[in-house]
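Both complexes shown next keep chain A, but they swap its partner, so chain B is in the first and chain C is in the second.
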Partner chain A sequence: MNDAVIEIHGLVKTFRDFWLRPLASALRGVDLTVGRGDVFGLLGPNGSGKSTTIKLILGLLRPTAGEVRLFGLSPRSRRARARLGYLPELSYLHPFLTARETVLYYAGLSGLDRRTSRERAAELLSRMGLEGSADRAVGGFSKGMARKVAFAAALVSHPELLVLDEPTSGLDPLATRDVKELIRTLAAGGMTVLVTSHQLFDMQDVCTRVSILSQGKVVGEGAVADIVAASADPRHALEDYFAAAVGAKEGNPA
Partner chain B sequence: MRRFFALARTAAVESLAEPLTAVLFLSGFAVVHLAPAFHYHQFGEAGRLARECGFSALLVFGLVFATAAAMRTIGRELESGTAAAALALAVPRPLFLVAKLAGVAGSLALFTGAIACATALSSSSGAIAALARDGHGSTAQVWGPALACGVGLTLGAFALAAAANRFLRARFCWTACLLISAAQPLAFILAMAMGRDLPPSFEGWTASLLRLLPAFSALAAGCIVFVSFAGALATRLAPAPVTALVAAAIVLSFVHPLRAILPDINRFWLVDRLANGGMLGWMDVLPALAAGALLSLLWLTVGSILLVRREIS
Partner chain C sequence: MKESFLLALRAFMRGRVALLLLVAVGLIHWLMPDFVRSDGTASGILEMHVRIVPGFAAAVILLTVLSTSCGMFARERELKRLSLTLVRPASAWGVVCGKWLATTVLAAAAIALSSVLVLAMPPALPGQAGVPPCRHHYEPTLPPPAVVAGHILGGYLRDPATPEAVRKAPKRAVLALLTTKEMDRYDVVKPGETMVWPFDVPRLKRQMEEGAELTLRVRFSTQFELRTPVAGILTLGDMSAVVSNSTQAVIEIPLARTGKGDGVPSPLNLTFANTGRSAVMIRPRRDLVVLAPADSFAWNLLRSQIEVWSLAAMLAAYGLFLSAALSRPVALFTALVSLAVVLMAPSVVAQFPDEFNASFADRFGLWLSRAVQSATHSVSAPSPITDLATGRAIEGAELLRTLAGNVLLLPGMLLSLAAFIVRRKPFADG
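Then we have the complex of A and B:
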C-alpha cells in the first residue's frame, strides 16, 4: 500500500506574461514525498518556490511539467481536496463575517451538516481562545486574532492533511507557542501536516522531516532527528543545515 | 448543496453589508416615496410619475448594485485570496461562480420585491390623491398618511438598524438593508388599511401591486443578466476594465447583431406597456424572462470556463 500523502516528481513551474513569454521560473524540477503522519517542513528563503509548490499541491496552479499526486489522485480531484485543510500565508477572511460565521462558512464548504458545523465551530473557537470575540466581525480583528480564526477554519473539517503556509506569521511568542503545541497535538492524532516557515527554531521543534528549497530546487532533505544528531550544535542544527544548503546553492559561504 | 448555500449566503451577506448598498437602497426608496410630491406633472395619468420613478430606481440603482456586487464578490475575492482559500477545498470552480452570483441575485431580488411594494404604495396613493383633487372622491388626505407610512417606516428601519448596531453589535449596513426592505411591504399594508375610502375609479391597492409585478420581474431579469456578465468578466479582469466593458455593453447592445449576446436593457424595459391603463401579464413578460435566463446561462458558462482555466496565485 502506498502510504505517501503527497508525491511530487520533476515539478517545473514557469510563470508567463500575457503574451506567453516566460516571466519567471519558480520551480525547476522538484521531487518531494510527504508520508502519512509526517510533520513536513518546506523551508527556503524568500522567492525559493515554497508558496508556488503549495499552490500546485492545492490545484490552484497548473504545473508546466512534472506531476503532483495528492492521496494518489490529481490535486484537482474533489475527492483529494475534500481531505485537506489549508491555512494561507495571509489570513484571507471576509471582513463582514463574524469569527463564528467564518468558521461555519468553511464548514459549509467542506460539506459538514449544520449541527456538526456548529459544534466544531464552537469547539475550535474555544480552543483558539476566541469565545469572547466569536460574534464580532473579523474585519476589526488584529493580525494575530485573524490568524487564529483562519487556523480554526482550516481545521473545521478535521482534515487528513493540513497545509500551513507560514502559520506563525503575525503571532506573538505565546500564540506561536500555542500553534506549535497545536501542530504537535494534531500530528499525535495522526494528521499529516505540511508547513512552510522562515522560523527555523519553530520548525526544528515541530517538524519530523524537512525539505529545503532554493531557487526553485530542492537543495537539502532529511529527518529532523538525523539533522540534529549530526550537528555539533543541536540547538541550532536546522539553522546550520539550512545555511549550509542554501549557501552552497547560492554560492555564499555557509 | 451545502457548499452552494454556504457560498451564496456569504455573497448575499457581503453584498448587503457594503456601505454603497445601503446608500443605493436608501436613495432608491427615497426617490420612490417622494415621487408623488411632484404632482405638478402626471404624464397624463395619475400615479404614473411615481410608477416610472420606481422602475427607473430599479433600473439605475439595481444595475449599479448588481454590477458592483458581482464584480466585488468574484474579482475582489480572487484578488484578496479568499477565493483561493475556498477553491483549495472540494469546491468546483463553476459552483463557486454560480453560487456567489446566485447570492448577489438573491440580494437583488430582495431589492426588487421591496421597491415593487414601495412603487405600488407611491403610485396608488398618488393616483388616489389626484382623483380626489379632481373631485372624484373624498380621499384628498390619502397621500399624506401613505407618505408618512413609506418615509416614516423607511427612516424608522434605518434608526432601528443603528440601534441594533449600537446595542447588539449587528452589522449596520446589512441590517439597514434588510430592515428597509422589510419596511416597504409593511408600509404598503399599513397604507392599504388606512386608505379604505377609495374613489370608485381607483383600481385598488392589491390590483395595483399585482399589475406592477410582471414588469418589475422582467427588469430584475435584465439586472441579473448584468450580474452574470460582470461576474464572468471579473474572473479575469480587474474592476476598472469590467466597469468599462459593462458600460460599453449597455451602449453596444443597441447595435442589432450584438443584441443576441449582450445584455440589452431595452429587452427588459416593458414598463411603457403599463401606460394609460395598459396591462402586462405574466405571459407578456415570458419572452423577456426566457431571454434573461438564456443570457445569464451563456455568461455563467463563459465565466465558468474562464475561471476553470485561470491560475490562482
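Then we have the complex of A and C:
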C-alpha cells in the first residue's frame, strides 16, 4: 500500500497571458512527497510558489508539466476532493450565513447527509468554542472567530488531508496557540496536514517535516527533529535552516 | 445543487435583493397609474392596467434577474470564495444549477406578485369589464412565407426574361427580401369578385361545431391609402356577416349563423364577396384574424406570466454563463449590450429589407441583425404582455414551445458551458 498522501513529480507551472505568451514561471520542477500522518510545512519567501503549489494540490490550477497525485488520484477527481479539507489564507465566508449555516453549507457540498451534517456542525462549533455564537451571522464576527468557523468548515467532512494556507495569519497569540494545539490534536488523530506559513517559530512547533521553496524550486527539505538536532541554536533551528536554504538559492549570505 | 440553491436564496433574502425587488414591483403597480397618466379613455386606462404597468414591472424583474445573475460567480471569484466551493466534491454543474434555480425562484416570486396585483387592482371603468376579453386568434393557414418566397425565386430563375442582376444577386438576400414582401403581400378583391382564404384550423373547426360565437378582425385597404367605402359579404363555413364600413381601420365583425345547418365544411375557407364599387386590398398574413372565445383573463395572465418567467429563466442562465467567464462589470455590460442587440435586430431587419442599394456597413449590419434574429427567435418571438393586452389567448402548444426553449434547451446549454468554465478557468480565484 502506498502511504504517500501527496506525491508531486517534476511540477512546472508557467502562467501565460491571453495570447499564451509566458508571463511568469511560478514553479520550475518541484518534487514533494507528503506521507500519511505528517504535519508538513511548505515554507518559502513571498513569490516562491507556495500558493501556486497549494492551488495545484487542490486541483484549482492545472500544471504546465509534471504531476500531482492525492491519495494516488488526480486532485481534480471527486474521490480525491472528498478526502480533502482546505482552509484558505483569509476566511472568505458568506457574511449573511450564521456560523452553523456556514458549516452545514460546506457539509452539504461535501456530500454529508442532513443528520450527520447537523451533528458534525454542532460538534465542531462546540470544539471551536463557538456554541454561543453558532446562530449569529458570521459577517459580525471578529477575525479570530471567523477563522474558527472556517476551520470548522474545513474539518466538517472528516478529511484525511487538511491543507492550511497561513492558518495563524492575523491571529492574536492566544488564538494562534489554539490553532497550533488544534493542528497537533488533528495530527495525533492520524490526519495529514499540509501547512504554509511565514511564522517559522509556529511551524517549528507543529510540523514534523518541512520543505522550503525558493524561486519555484525546492531548496531544502527534511524532518524538523533532524533540523533541530543539527542546529547550534535549537530555538531558532528552523529560522536558521530557512535562511541558509533561501540565502544560498538567492545568492545572499545566510 | 441543494446547498448552492439554498445559499443563493438566502443571499437574496438576507441581502435584501428579494425585498427590494418585491417592493419595487408593488410600487410600480401602486403608483405608476397615478404618475403616468393614460389618455383618460376606457381603452387608455385598460392599456395602462394590462400592458404598461405589468410590462414595466416585467422589465424591472428581467433586468434585476440579469444583473443579479451576472454577479453570481464573478463576485464569488472577486471575494475569493469560489475556491472553497471548488475543492469540495460537489459537481460544478450542481453548483451552477442551484444558483440558476434560486434566481428563477426570485423571478417567480416577483412575477407572481405582479400578477396578483394586476388582478387585485382592476381599474374602475364604468359599464365595462376591468380586463379585456381573452380570445383565440386564428390566422389563415397559408404556406410559410419563406416557402412562398422560394417558389417565387424559382419562378424568377426559370424565367428567361429575369434581369441578370437578379440572377447574380445572393440567393439568401433575395429570399429574405421576398419573404418580407410575402408577409406584406396584398390580395386585391375587385368589385364583383370573390376571394378565398383557407382557415383549416382543427381547433377553430371544433369550436364552430360547438357553436362558438366568432368575430372576424379585418383591415381593408386601398392602393392609395384613402378612406373608401367597402361593402361585401364575408362567409366562414355556415357563418357569415355583411360588411358595410370603410377601409384603413381595423374592424371587428361578428359572424352570424346562416341557419343552413350544413355544419363545418372541410376544407374550411373564409370568402369575401366584394359587392361595393371599389377594389379593396387585404394582407392575408396581417389583416385577417378569426377570434373565438377562450378562457378567462386570469388564465391568460397566468400563461403570459409563465412566458415572462421563462424569459427570466433564460436571462438568468445567460447571466450565469457570462458571470462564469467574465468579471462582474464586463459581464453586465456584455449582457446589456447583447440584450439591446437582440431587441433591436427585428426592427433593423424590418426597417431595411432592401439591401441591394445599401453600403457595405449597412449590409453587414443587416446580415448581423438577421443572424441575431434567427438565433434568438425563440427568445424574442413571444410577446406575453402584448398578447395579454390585446386579449390574444396564449395557446398551450405555444407556451410549451416557449418553455422548452427558454427553460430547458437554452439554459441547459448555457449552464453546461458555465459549469465547464467554472471548473476550467485557470486562475480559479485570481
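Just so it is clear, the second predicted complex is superposed on the first by the 254 of 254 C-alpha atoms of A that agree within 3 Å, B and C clash if a C-alpha of one lies under 4 Å from a C-alpha of the other, contacts with A are read in each partner's own complex, and residues count from 1 in each chain.
By our rule, contacts are C-beta pairs under 8 Å (C-beta built on N, C-alpha and C of every residue); 3 or more make two chains touch, one makes a residue touch a chain.
If you're wondering where the values come from, they're calculated on a predicted model, not measured in any experiment.
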Simultaneous placement of chain C and chain B on chain A, clash or fit: clash
Which superposed partner A:L200 touches (first chain B, second chain C, both, neither): neither
Which superposed partner A:L171 touches (first chain B, second chain C, both, neither): neither
First, second, both or neither for A:D113, with chain B first and chain C second: first
Broader residue contact with chain A after superposition on the shared chain, chain B or chain C: B
Partner chain in contact with A:D135 - chain B first, chain C second, else both or neither: first
First (chain B), second (chain C), both or neither touched by A:L61: both
A:L70 touches, of chain B and chain C: first, second, both or neither? neither
Shared chain A surface residues [contacts with chain B and with chain C]: 55, 58-62, 78-79, 81-82, 84, 86, 88, 90, 92-94, 96-97, 101, 105-106, 108-111, 137, 153, 157
Residue ranges of chain C touching chain A (in the complex, touch as defined): 2-4, 6-7, 10-11, 14-15, 79-81, 83-91, 95, 426-429
Touching residues (chain side chain B, partner chain A) in the complex: 2-3, 5-7, 9-10, 13-14, 17, 80-82, 84-92, 169, 171, 174, 311-313
Contact set on chain A toward chain B in their complex: 15, 52, 55, 58-62, 78-79, 81-82, 84-86, 88, 90, 92-94, 96-97, 101, 104-113, 135-137, 150, 153, 157, 163
Residues of chain A defined as touching chain C within the complex: 55, 58-62, 78-79, 81-82, 84, 86, 88, 90, 92-94, 96-97, 101, 105-106, 108-111, 137, 153, 157
